[in-house]
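For reference, the structures are reproduced in the following blocks.
The following pair of complexes shares a single chain, chain A, combined with chain B in the former and chain C in the latter.
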Partner chain A sequence: MLRRLGILIVALSVSLSGTPEAFAQAPDSRDSSEYLIKAGFIYNFAKFVEWPSAAFAQPDSPIVIGILGTDPFGPLIDQIVENKKIGARSFVVKRLKWGTDFKELRDCKILFVGASEKAHVDELVQIVKTLPILTVGETPGFAERGGVIRFVLEDNRVRFEVNVEAAHQADLTISSRLLTLARIIQQAAAETRKPG
Partner chain B sequence: MNDRTNPHYLERGNDPIRLSEMVQRRKARARLADDFQEGKLTMLFNRDHKTGPVKRAGRIFLAGFLSVLLAGSTVAQNPRNVPDVTAMSMEDLMNLQVTSVSKRTQKVADAAAAIFVLTQEDIRRSGATSIPEALRLVPGLEVARIDQNKWAIGSRGFNGRFDNKLLVLIDGRSVYTPLFSGVYWNVQDVMLEDVDRIEVIRGPGATLWGANAVDGVINVITKKAKATQSAVVTAGAGTEERAAGGVRYGSKLGDNTYYRAYTKYFDWRPSVYPSGVTAHDGWDALRGGFRADWTPAGANSLTVQGDVYRSRFDETLTVASLSAPYSNTFPNDGKYSGGNILGRWNHTSEGSSMSLQMYYDNTTITDHSLFGDHQNILDIDFQDGFHAGNSQQFVWGLGYRSIHDKNDASFTVSLQPNQVTLNQFSTFLQDEISLVDNRLQITLGSKFERNEFTGFEIEPNARLLWNLTPNQSIWTAVSRAVRTPALTEEGLRLNSQVIPPGTPANPTPLPAVVAVFGSHQFNSEDLLAYELGYRVQATKNLSLDIATFYNNYSNLRTAEPGAPYPEGSPAPTDFVIPFVAGNKMSGGTYGVELFADWKVVPKWRLVGSYSYLQMDIHKNIDSQDPTPDNPNGSSPRHQWYLRSSVDLPKHFEQDTTLRFVDHLPSLGLPSYYSLDAHLGWRPVNSLEFSIGGQNLLNNWHLEFMPDFVNTSPTVVKRSIFGSITVKF
Partner chain C sequence: MILQNLSIKRKLTLITMLTSSIALILSSVSFLIYDLVSFRNLLSQDLMTQAEIIGYNSAGAMEFKDEPAATATLSALTAKEDIVTAVLYKPDGKIFAHYFRGNAAFSGFLPIHLQKKGSRFEGGYLEVFQEVTLNGEHVGTLFLQSDMRQWSLRAKRYANILIIFVLVSGLFALFVSSKLQGLISKPILHLEDTMRMVSSNKNYAVRAVKTYSDEIGRLIDGFNTMLSEIQQRDTALQSTNGELKTRTQELEEEVFQRKQAQEELLKAKHTAEEANRAKSTFLANMSHELRTPLNAIIGYSEMLEEETRDTGKIENVQDLRKIQGAGKHLLSLINDVLDLSKIEAGKMALHLENFDVSQVIEEMVTTLKPAAAKNGNSIQVHLADSVNTMRADVTKVRQILFNLLSNACKFTDHGTVSVNVDQIKFENREWIQFQVRDTGIGISAKQKENLFQEFAQADASIARKYGGTGQLMKGQIWVESEPGQGATFTVRLPAQVVFEATENVQSESAGKIPAGPSETKTGRETILVIDDDPSVRDLMSRFLSKLDFHVVAAANGEEGLRLARQVDPLLITLDVVMPECDGWTVLNKLKSDSKLAGIPVIMVTVVDNEAMGLDMGAANYLIKPVDRDRLAVLVEKHRVARTSITDTDLVPLSYVAEGPAGRKTVGARVPKTRRN
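Coming up: the complex of A and B.
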C-alpha cells in the first residue's frame, strides 16, 4: 500500500515538476536531448569496448575522452561521466583543437570528432588508425572513411554504425553486445587500397 | 532565461534571434531534463512488443526514478543533476526520442505577452490554402472575407478592410502599406509548405516593432533553406479555388550554403452575391522566389531571399459621378505586381549577438477606374544584444526606412501630392532583468522614432513575468503604442457620394459631392494598453492560456464636417461637402482570450478557443462627425472554435473545426457557424493526398462589408478543395 502511494507521489511529482517546458522545442540540436543521449552512448561504448592493456599506463589510468573541434556536448558530458568508473578507471574529458593538440590526441581512448572537423577526417584517420583510439563521429561517411563508430539519427532516434575493420586495426575489441545493435559498415573501397 | 520572455525573441526574420542563444545554452540543461523526460515517456509508449512485462516494469521503475532526478534538476537548476544516462542500457538509449527541432522555438509559456504560434503542422492540417485562411485558427483574431480577393483582418477590435492597427511581417519584412496603414492581404502569400510557423502577438508590440504595431503583430516565418532540401510538387483543385499548383526545389551549394526556389500559381472562380447571382470577384496569382542561407562554422551567417509576383483580380465597384445617375455600379478589375529582396547578416559571439538586415520592396497596385499606386521601400535595421552581468540583457537597435510613393488618381480617389518620399528613423532600447532565481522577469524598454507627419514618437513598455511554479506563470504589461498617419490621411480626397441636384438633401441646381479629405493636422492615434495573462500546463497533456486586456485609446480618427464650397472654373460645376480627418474619438476596449490545448491521447488532440471583446468608443464632445460610433460592432463580441485533430490508422489524419463568429451589428451581419473538415493521407512520407471542406454546414454566409471603397461584398460558399503533394 505504502509503496503504491509512493509511486503515486512520484508520478504526481513528475507530472507537476517536469512539464512546463515539455512543449518547448529546441531551435538547434545543441539544445535538444540529442547530445545527452549520445553522451549516454559514449559511456556505454567505454563499457563494451576493450582496449589493449598496453594502451593504459596503469591499471587505474583514466579513460580520456577527447572532443575534437566544435563541442556539441557542453558541460553535459563532463557531468555525466564525473565520478563514474569502469573497473578501476575513471573518466577525463578534454577539448582539443585540430592542428594544435596532436600530442594530446594520442592520449585519448575515445575521440569524438565534431562536425567542424569534417574536412580533416581522412587526415585524422591516417594519424590515429593504428593507435588504440575509439574514434566516434557523426558526419556522413565517417565510418566508411575509416572512423570506428558513427552516430546516425533515424526517425528521431540515435543509431550507430561500426566499421569493424577500423576497430580491428586500432586493436580494439568490440563486444558482441554492442555489435548486435550496430549497423556494420564496410570500409570504402578507395580507402582499403592503401598504397604500399 | 529572460530573452525568451521577450517578444523580440520571436523573430525579426526567420533566424531566431541569436541573442537568446547564449542564454538558451544556460537554460539548455533544464530543458534537456524535460526533453529527456518527454523522450522517456515516448519510450514507454513505444516499447517493442518483444519486451517482456517484467523487463518493462523494471524500465518503468527506472524511468520513474530518472523523472525524480530530472524533476529535481529542473527546479533546483543544480548543474550536478543531469539525468544519469549512464544508468540506461544501450537498448533504452536507442529508444529515446530526440526532440524534433524547431516547431515552437519560442517557449510561449515564458513570454510576457499574448502570443500564439501556428505551426506548419497546424497550417497543413487545417487545409488552408492562404495566409488569411490559416489565421482563422488564431484565438481572438478577427478574420473575415469581403469577397474572393479581399479580407478584413484585425485584432482586439477596429476590424475593416483598411484596418490600420495590425502590423504584419513576412520573414522580417513589413508588409504594412504606408498608403492606408493596412495590409493588402491579397498580395501577401508564400509557399505554405515552406512556412515554419506564424507567430501572432495580440496587443501592442510597438516598443520592438515600432509605430503601427498597436493591436497586434503577425510574423510569418519561413523555414531555413536547410530544412527544405528536397523537391516538392503540389497540385490541387476545388469548387472555389479551381486550380492551384506549386513547385519548390531545395539543394546545396558547397558545404555551408543551402538554397531553395519556388513558384506557385492559383486561380479562384467568382463567388456569388447574397442575392444568389454569380459575382465578378475571381482572381489569380503567380509568384516565385528563393532563399539562400550561408552558415559557415563560426560566428557569422548570411541569408538572402526574394520574391516576385503578379496577380489579376475582379470586383464589382460602385463609384459616384457628377452626372446622372450620379452613381455607377460596374464590373471592374485590377492587378498587382511586385518584388522584394532581403539580406540579413547575423553575428553571434559569446554573450552578444548582432544582426543587420536590409530589404527593398516594390509594389504596384492598379485598381482600374479607381486608383494606382507604386511603392518602393528601402528598410535597414540593425540590432545588438548583450548581457550585462548574470541577470540583465540589453537589446538596442537602429532603423531607417525610406518610402517612395507615386500614385495615379481618378475622380473617386486622388492623393496630394501624387509623388512623395518619406524618411523614417527609429531607435529602441530594452533591458530585461531576471530576479528571484530567474522566476521574476522584468522587461523595460522604449522605441523612439521620427516620421515626417507627426515628428517624434515614443513608445515605451514595461512587462513583468512571474513563474509562480515551474508549470504556471502570470504576466502583466503596460505599453504605449501609436498609429502614425498614413499617406491617405494626409492628402486623400475620396469622393464617396454625389447628391443629385434639386433633391431635398441638395436643393441647389448643382450636384453636391460628399468627399473625405486627409489633413496635415491629422495626428497619430494613441493607445495605452494594460494586459494581464495567465498560463498553466495543468498536466503533461493539457495547457491553458488566458489573456485579458484593457485598451485606452485617444485621438482616434473621425471625419469632421467642413463648410460646403463650390468648385470648378470658371463656372462652378458642383458643391463639395467636405469631411476632414480629425482625431476626435476616444474610449476603451476590453476583452479576454482563452486557449486550451488537450492531447487526449497521443493520437487525438483537441484545441479550443474563446474570445470576448467589448468596445466602448465614443466621439469626443467637440466632434461633429455625424457617422455612428462605427468601430463598435464591426468586430465580433464573441468568437470561439473547437478543433479536433486525429491520427487515424494507415497514415490517415483527420481534422475538424467548428467556429462561431458573433453578429456584427454595425454592418448588419448575423452571426454564423462554420464547420471545416480536412482529411489527409500519407501512404508514404513522400506522398500526401489531402481533401478539405470549408463552411460545410451552410450553403453560404456573408462575413463582412466593405468600407471606404464601395466594392460589392460576396459570400463565402461551401467549398471543397483537394490536393496531391509529392516530395522527392
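Coming up: the complex of A and C.
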C-alpha cells in the first residue's frame, strides 16, 4: 500500500513537473519553440480536416502546404512533415510570395498566411474563399475576416480559432474533435469588421 | 441423531422444508452467480466501449496538447458513478490528464506498466486500458478504473431479494407442508391412538378408521383384521374360561361328593372290619375255651387207654381209642377254625428262622411212625444232597408236612408213603420242594376241585389254610392223582422266605444248649411243670414220668421260680395264663436270673403267641392240648443236649438220601435211648 502510494506520488510529481517544463521553453526561445508547436499543429490539422475528393487529382496526390509571405518556421515544418503520410498522401511544403504565385496559391491545400501579409488578408480571402483550401493565419481578426483557422497565444499556450462558416464555404469538413478544442468564430463578425 | 426422535409430523415438515429450501437456494444462487458473472462481463464490455469513446474524443486534445480539453472530456465521467479513476497517458508514459471521482486525489491505484488494450479485474476493481490513436498513429493511452459499484449494488440487491424470496417461499412451503403432512401423519397418529386405546383398555372392539387407500390405508386394514382376530380369540378364550370354571366347579362338587362317599365307605369298612375282628376274636377265644376241656378229654383218655391195656381189659381199649380219636379230630377242627380266623384277622404271622431241613423231616417221620404202622405203611425219605438249610417259618412248614403225611398214612393201606425233598431252581429263585407220595386210594377229579377250599371235608383237611400259609411264604401247593393210583402232593417253598412285615429274628432255639456242667442228682432227670390247671399238672407228671423223668410241679409262678432255684431242673414247662404271676413274668424272671437263665423253657399254653415266647427266651412253644409225641421228641432232645458232653454213645440216624452221594449221613444225632 505504502509502496504503491510512493509510486503514485512519483508519477504525480513527474507529470506535474513535465507540463510546465514543456511550456517553459516557449518564452525563452520564443520563435523557435512557438513555431515548432505551430508547425506540429499545422500537420495535426491535416488529420482532422477532410477535403472534397475533387480537390485532389489522384488518390495519392500529396497535401501541399503553402507558406505565404515571410517564413517563420524555417526548416522546422519540413522536418515535421517529412516522411509523414495521411492515408496515401504525403506532404509537400511550398513557400509563396503575394502577387507572383497566384497559380500555385490555388493548388495549396493548407495555406499559412504569415504576419507579413496582414494587408492582403481580405483580398486573399476573396480569392480562395470558395476553393478547398484550409487557410491558417496568425494576425488578429484573421478568422473573423474569413480565414478558417487562426493561431492564438493564450497564457503562453498556443490555441486556435475556427471560422466554421468559412470552412463550410471552402467545402472543408472539420472533425468535431478539432472543433471541441477550438474557439469558434462567427463570420458575421468579419462582415461587420470589414466596413469598419 | 435428534432428528430421528422427532414426531412424524415434524419429520415430514422438516423434510419438505429442507428439500424445498435446498432446491430453492441452489437454483437461486446459481442463477445469481450466472447473472452476476454475465453482468460483470457486460460491465467490462461497457467500460471498454466507454474507454473507446473517451479515447477517441481525447485524441484531438492529446494531439494538440490541450490538457484542459482532455480533462474536460474526462470530467464527463462524473455521470458514471462506478468509474473511480481515468487517466490519459502520453506515449512516453507520462500523465497527460486525469480524473478522480469526487475530486479525491487518488482513490484507486495507478498501473505501473501500461498495456495497449484490454480489461482486467485487479484488487476488486475493473481496469481497462485503451490505446488512443489518430489516423493509426499512437498518441496516448487511456486507463479507466471502475469499482463495479453497480455490480456490487446489484449483487447486494439480489442477495436481499434472494433472502426475502427464500424466507417467503420457505414460509409458504411451511404452510403448505404443514397442511399436507396431515395426509400421511394423520392416519398414522390415528392408528397410534387406536392402538393405545386397545392396549390400555383391552377393548378389542375398537377399529381404526381408514381414510385413504394408500400403504397406510392397507396398514390400517391389516391392523383392523388383526384386531378382529384377537377379538375373536379373546371371546373364544373367555367362553372357554367360563366353561372351564363351570367344569371345575362341577369337578369340585363331584370330588366333594366322592369324598363324602369315601368317608362313608371308610366308616362302613371300619365297621365291617370291626365286626370281622370281633368275629375272629370270638372264634379265637372260643377255640381256646374249647381246647381246655379237650385237653383233659384227650389226655385222660390216653392215660386210661394205657392203664386199661396194662390191666388187660382189651375191650375197653377200643372204646377209649374211639374217644381219643374223636377228641383229636375235634381238636384239629378247632385248630383249623382258629387258623382260619387268624388269617382272616390278619394275625397269621410268619416267624422266619434258619433251620435244618433234614432235622425237621426226621422229627416228622419219628412222630408219624406210629400212625404209619397202624395201617401197615412204611415211610421212605429221599433227601437230595443239595438240600441243606432253609429260611422259613418252621412251625408252618412242619404243620404242612405233618398234615400231608398224616393224610397219606390215613388213606393208604399196607403201602408206601415216600417223602422227596429237593432243592430246585425256578424262575431264578431257589426253592425247596417237598413231595409226599402215597399208594393209596387216590383223589377223584371232583374231589380235587374242593381240595383247597375253605372248610372242606376232613378228608381234604389240609384245606386252604395251608394254601394260605404257603401263600404267606410265597409258596405253591398242588396235587397229582388218579383214583386208585395214589396221590402226589407237591409243596414248593422259597429256600429263603422274605416276609418283611412280620420277620423276626428268632433265637436259634433248636441249637441252644444250656451252658455249665450237667448235674445229675439221681439217675433220672428232673422236669419242672408250672401250671395252675391241676389236670394239666397231673397229666404232664404222669406222661413225663413214663419217659423216665422226675417231675416236680408248681401251681403258680412264685412257686415255680422257687422250685426252679431249688431243684435246678433239666427243663421247665410253663403255662402262660395263670392268676397273679403269669407265664410271661415267670419267663422273664427266669431269663434275667443268671443261675436259671441256662434252663430251657418249653411254653405249654392255649395262648397262640409263639413269636413272643421265643423272643423272650423260651426254647420251644407248644399249644394245648399238647401233642404228646412232639413233647416227647422235644424233651428227649433237651436231655440229649444236656448229656452230649459226657455221653458219646450215640447212634447216627440214617436216611435214604438221593443224589450222587447216595446214602448220606446227616448231622442230626439221635440218642440210643430213644423210643420209636
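Methods note: the second predicted complex is superposed on the first by the 156 of 196 C-alpha atoms of A that agree within 3 Å, B and C clash if a C-alpha of one lies under 4 Å from a C-alpha of the other, contacts with A are read in each partner's own complex, and residues count from 1 in each chain.
In this text, contacts are C-beta pairs under 8 Å (C-beta built on N, C-alpha and C of every residue); 3 or more make two chains touch, one makes a residue touch a chain.
None of these values were measured; they are calculated from a predicted model.
By the touch criterion stated above, A:Pro59 is placed in contact with neither chain B nor chain C. Counting the residues of chain A that each partner touches, chain B and chain C differ, and the larger count belongs to B. By the touch criterion defined above, A:Leu153 reaches chain B but does not reach chain C.
Contact with neither chain B nor chain C is seen for A:Gly99 once the two complexes are overlaid on the shared chain. Once the two complexes are overlaid on the shared chain, A:Leu181 sits against chain B and chain C alike.
Of the two partner chains, chain B and chain C are each touched by A:Asn44. Under the contact criterion defined above, the residues of chain A that touch both chain B in one complex and chain C in the other are 7, 11, 14-15, 18-19, 22, 37, 41, 44, 48, 159, 177-178, 181. Across the interface of their complex, chain A is touched by residues 16, 24-25, 28-39, 64, 67-68, 70-72, 74-75, 79-80, 82-86, 88-91, 93-105, 107-109, 255, 297, 469-472, 537, 539-540, 543 of chain B. Residues 7, 10-11, 13-34, 36-37, 39-41, 43-44, 48, 70, 74-76, 79-82, 84, 116, 118, 153, 156-159, 177-178, 181 of chain A touch chain B in their complex.
Remark: chain A residues 4, 7-8, 11-12, 14-15, 18-19, 22, 37, 41, 44, 47-48, 86-87, 159, 175, 177-178, 180-181 touch chain C in the complex.
Those residues of chain C whose C-beta lies close enough to touch chain A in the complex are 56-57, 59-61, 63-67, 69, 73, 94-96, 98, 106, 109-110, 112, 134-135.
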